[in-house]
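Every chain is named by a letter (A, B, C, D, E and F) in the order it is written, and numbering of its residues begins at 1.
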Amino acid sequence: MFIGDIERFLKEDLGYNDISCHLVPDEESDAIIFAKEDCVLAGISIASSIFAYLGINANAKFEDGSSIKKGNVIFDLNGSPVSILQAERLVLNFLGHLSGIATVTRKCVNLVEKHSSVTRVACTRKTTPGIREHEKMAVIAGGGDSHRFNLSDSIMIKDNHVKMIGVEAAIASAKKKASFTQKIEVEVESLEDALLAAENGADIIMLDNMAPGTIIGTVSSLRNASISEHILIEASGGINENNLEDYANTGVDVISMG
Amino acid sequence: MFIGDIERFLKEDLGYNDISCHLVPDEESDAIIFAKEDCVLAGISIASSIFAYLGINANAKFEDGSSIKKGNVIFDLNGSPVSILQAERLVLNFLGHLSGIATVTRKCVNLVEKHSSVTRVACTRKTTPGIREHEKMAVIAGGGDSHRFNLSDSIMIKDNHVKMIGVEAAIASAKKKASFTQKIEVEVESLEDALLAAENGADIIMLDNMAPGTIIGTVSSLRNASISEHILIEASGGINENNLEDYANTGVDVISMG
Amino acid sequence: MFIGDIERFLKEDLGYNDISCHLVPDEESDAIIFAKEDCVLAGISIASSIFAYLGINANAKFEDGSSIKKGNVIFDLNGSPVSILQAERLVLNFLGHLSGIATVTRKCVNLVEKHSSVTRVACTRKTTPGIREHEKMAVIAGGGDSHRFNLSDSIMIKDNHVKMIGVEAAIASAKKKASFTQKIEVEVESLEDALLAAENGADIIMLDNMAPGTIIGTVSSLRNASISEHILIEASGGINENNLEDYANTGVDVISMG
Amino acid sequence: MFIGDIERFLKEDLGYNDISCHLVPDEESDAIIFAKEDCVLAGISIASSIFAYLGINANAKFEDGSSIKKGNVIFDLNGSPVSILQAERLVLNFLGHLSGIATVTRKCVNLVEKHSSVTRVACTRKTTPGIREHEKMAVIAGGGDSHRFNLSDSIMIKDNHVKMIGVEAAIASAKKKASFTQKIEVEVESLEDALLAAENGADIIMLDNMAPGTIIGTVSSLRNASISEHILIEASGGINENNLEDYANTGVDVISMG
Amino acid sequence: MFIGDIERFLKEDLGYNDISCHLVPDEESDAIIFAKEDCVLAGISIASSIFAYLGINANAKFEDGSSIKKGNVIFDLNGSPVSILQAERLVLNFLGHLSGIATVTRKCVNLVEKHSSVTRVACTRKTTPGIREHEKMAVIAGGGDSHRFNLSDSIMIKDNHVKMIGVEAAIASAKKKASFTQKIEVEVESLEDALLAAENGADIIMLDNMAPGTIIGTVSSLRNASISEHILIEASGGINENNLEDYANTGVDVISMG
Amino acid sequence: MFIGDIERFLKEDLGYNDISCHLVPDEESDAIIFAKEDCVLAGISIASSIFAYLGINANAKFEDGSSIKKGNVIFDLNGSPVSILQAERLVLNFLGHLSGIATVTRKCVNLVEKHSSVTRVACTRKTTPGIREHEKMAVIAGGGDSHRFNLSDSIMIKDNHVKMIGVEAAIASAKKKASFTQKIEVEVESLEDALLAAENGADIIMLDNMAPGTIIGTVSSLRNASISEHILIEASGGINENNLEDYANTGVDVISMG
């Protein structure tokens, strides 16, 4: 993490005069950070750079993506207690928030893997403002796919584009504006639009808000259309931990969740 | 929200060249933002400043703290579709995240109010890095107490301070360093320490990780000690939606949750 | 001090191409910083972090709050003369400005201590924009009380609030909006309002622009009102080094100065 | 002032949740800012940009450099009381601090003008970190000369440069490194060095820590040396309001003060 | 352009006290910006946002990508002459630099179009630090392809990756780490590696430093391999305006230049 | 270079998740940076601070201003390959861009030196936004004069000032507003204005858009006017590598180019 970001986050938690951190004698001492519950870890490199910034020796016992148990020691620390108290809450907030994301992601990935060896689980841009980068890395730590990072990464043609100018015109316009290094994804709500998107050169077709049964049929029709061999198919909309398994054997390449 | 922050958040979501926002003709048009589920609203002023920054006319139909129903229109918008698409995800991420916090807070506040008319529900510093300010305002929107914003707001004497130098020395040291405008809170795990803290002039006593039954006894002893008339008593540690009601009639002034 | 701030301050003084710093041969050498007059020191940790940022070994001979004499060596330095010249003016500007504040504060504190062992001297928010944090720490180094850091630290009900909605309504409104961790201070100009504030639960009562004689009477009335045992009383408005002693034995807890 | 700076300064004063600003009903209203004592004004454009940023209509009745009387109205304001309360302290801190500088400068300029119609009064780089730009403009408002803004503006050869490598080598080195658009100033402590500096092409000669009598002789010798017709002579070091008049008729072009 | 960026760029050009901008009477007046030579325009929206920031009414007569003639008026301006002088150099530096890039790009695109209707001309990450975003938009204005914006946009497997772990392992590793929304490009120097990359699922194959003759053969072999129907082929390395036409009819999809 | 700037530049090139840098095993290894063509070097200290920021040991074999040959090793590197890949493009973009400027400058300086031993070659404010500081240092590395850094460095009276209020009034106004540490330069287009500027105390006279022959006459007239002994004369406008030698023996002190 960049120093400018570390300082911004620390300033938020410390304020101007963190008296309570200075109540104890400032003699070098040891501390540990341990897991309060079973989880999949994420945020280790962020925590490490916060400790390094504050001059604390921190020895990480696990890396991002490790499944750990309640009570496991995550970091051995040695340094000034003032610095350790200053780092404590910020580090715990990152580790807690990101490991939570990694843990849920892993659980979803495992559910899908029971049904399909090729279907990926992806997250979306529904992230907490300011720390998307870190939340995406937590999804990756959990075994998920980070999807697009931002609006400029790849081109997404949404339902309102389609409604306004139609699938063909939308893809043509996107192809003209996009770089050859970018994929073009089209969000469709019907088989017709899905086939149209495939014929017009979409790289990814997102089946939006379709019931699992409809998805199975659409995937089958798309796969039969010779044109769409290399096209990835994504299911999205209203999918959560509870209904995830219903989508896991629809044959899509990717299932994305909020 | 400050312009510098709006620009930082927008940059995260837009990237360098948000082609998909520019696929539609840029003619002034109308749009709405509506609730996808019942909730307590938070984030209205943030959303309004993002819309204003992008030159979109936005008419908020509710204010922070309103209980709204699925389908309710939150904002009427009018402006350039490019700008509306640029604002969309950032605004929804804020509204969604913060209204989620406000909704849970309101639910907890209602649970407590069934048992006590004076006990407050407060949040802690367990917030998402970078947007604490907004999360605290969401707690307030939900009817909760924002607790300290950061380590410099008020003085918190924690268990490790107490272990190292004792309650009396810790309070004496804090009083010397603190401003007269700051309250001093002491985290205790026993009745003895609670009474000691009261005698030495603590403004707030936090009963940490105590069972509801133990809390009732401790509160009663503290209230009987004439010294502690003005002292606020807080229960903290391991309290969640499920066990909240057990703490609601212990007589504490504040129950704080993560 | 955060690196981002050090760099901002250095850039202000160095500009784009500080030729004069590079006129001398860049061979490691020694230097000292010494006091040009008797003073109470402040700014040592700021100076230390500027030296550290520039790779200069700096050995501080005193800490903040020390009373030192003209000619005393404050820092022994060793490093590149280019770096020492780059640090010089910024460090001296901080040490000079902050030690000036600490010295005046100490003088005021000593004046008050001649008359009262409990009355504190506090500063206000009349600080130089951009370095309040450091000026407040200089007040603390001088033995003063830092008062609120900013408008969000504690609640101050000012005369215009009182004029518009009355003491009772203002305190009620503040209590509803404030966290339980914050103190509520009320600025009053009459005994009636002071008593009203006490009865309504103010934590601090500020007697604004009252003559010392009036203050004595008001403090006495407040102390007699059993309700206000725990309330702190502050005198403020038009108090300076010359008339400070007149306020020192009025019995107030705090005297605040600009 | 840039928006980024306004936001940084406001954040310092407002903190995260400025409850007290929101205690009053937010109905558009009028307010004024008036002078608490006689002064020379500075900071009007800064105040104006802060008001503009917060959406307050502000009508300035005077401009920087105006001599105003206690009680004079400086700004007529109209707008939201919340915004006016948010702007208040920051604006007053700037106006107070900068007008103080302008007032002292004007006083010094007037003292010198009694003795000389050509001698300028200049300030130095002894400024408050972070707001040098504004303090320099206040000196200009008071009728003073802003001297160099930073180390890159013009070249200053200091006593330690001279001690290490001699006047000639130092000027030669500076000429090689400097742009033709920059003046070269040499700090000297003796007539010999002053003449040497003049012969080697210095644009400005600063007589450092010389008594007024010595300055008179040195200026006379320099003026007689035909080479130094275009050279400006500056007196510096230990000059303050009390001894300023002693330097005012020494014939120097500039007197600089801390 | 974001306000934070505009302020950073303006500060660089204005410094602390731009006296010369204030030498003229500040009465609203008209001005124009015109082309000093024939060019393809780029930077119009940047210029417009700088003018808007400074309160200048600016009417753009052309848009990015327009071919204009020496003497053509690009902007009609109306506003304060001080503001116009403050904007002038920054706007001209952007317009000049970016239109230069657009003009060269257009020239290259035209050269290629004489030979091929499908081959694109793309730029690389060899940009000026700090303004890549704007330089890429200038390439697009000239009719070129922006290629990747940064290292996270799409995956590029470079020659040193291939040398260290081989084409197959490198692609397998990339596929595991990449999102399904990202394309994978492999840089190869031989037909063998090109075919290997195609078989292993590369989306783009970059033929690095190959002579035009070799490229023709390689493209032909790749096109015949049924696996590589959807694969884009890029030629790169040592291609400039002089030898561009030699590459234009090699059948590649993209020619990239520094 | 400041850490804040390094981080801003790196972020531009790395994006959020630079997968390709992490494809290789992260074992400490060696690398070199070498020259792809003959050039005059610039940017060494920038490159060094980027390497240092990323923890790479970098040994520079040359310093800014060195003439080096194609194939010469500029840096020996040792460190993590991930870090070296992260630094690579940014360092090369700086070295390439700045060495290009230094090389052209050196060529121009050499052309002028064939004709005159006193005439300097200077650059202008026509720089790339955001990195002027570095481009100016590259001009210095090439042996050129950096001219003013920004509008506040020295005072430039331009043709439009002269047209509006005349040479005398413009200089008088400038002298009143400028510090004594600043030079005043006047841009003139005729001998009359040049003499007028000299008589009124200009420090530098810029002959704008004059043909070499006219310049010779103007310089001669100026030099004969006894008043202008210390005045520097600059030729500017439409001078490039091709016609530079025509201006090199006109007797001007400075030739400035875009």
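Just so it is clear, contacts are C-beta pairs under 8 Å (C-beta built on N, C-alpha and C of every residue); 3 or more make two chains touch, one makes a residue touch a chain.
These numbers were taken from a predicted model, which means no experiment stands behind them.
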Hopping along touching chains only, can you work out the least number of steps from chain C to chain E?
2
Show which chains lie in contact with chain A and also with chain E.
B, F
Interface copy of C-D among B-C, A-B or A-E, with over half of contact pairs matching by residue number, is A-B
Can you check whether chain D and chain E touch via the same residue numbers (shared by over half) or via different ones?
different
Can you check how far apart chain B and chain D are, centre to centre, with Cα atoms defining each centre and the answer in Å?
46
Here the gap between chain E and chain F, centre to centre from mean Cα coordinates and rounded to Å, is 25
Please set out, as single numbers or ranges, the residues of chain A touching at least two other chains.
3-4, 15-17, 132-133, 140, 146, 149-150, 152-153, 177, 182
Every pair of chains that touch: which are they?
A-B, A-C, A-E, A-F, B-C, B-D, B-E, C-D, C-F, D-E, D-F, E-F
Touching residues (chain side chain F, partner chain D) in the complex
120, 122, 140, 145-149, 152-154, 177, 179-183, 185, 204, 230, 232, 234, 253-254
Of all residues in chain E, which touch chain F in the complex?
8-9, 12-25, 86, 89-90, 92-94, 96-97, 125-133, 149-153, 155-158, 160-161, 164-165, 170, 173-174, 177-178
List the residues on chain E that touch chain D in their complex, please.
3-4, 7, 10-11, 15-17
Would you pull the chain B residues touching chain D in the complex into a rising list?
2-4, 132-133, 136-137, 140, 146, 149-150
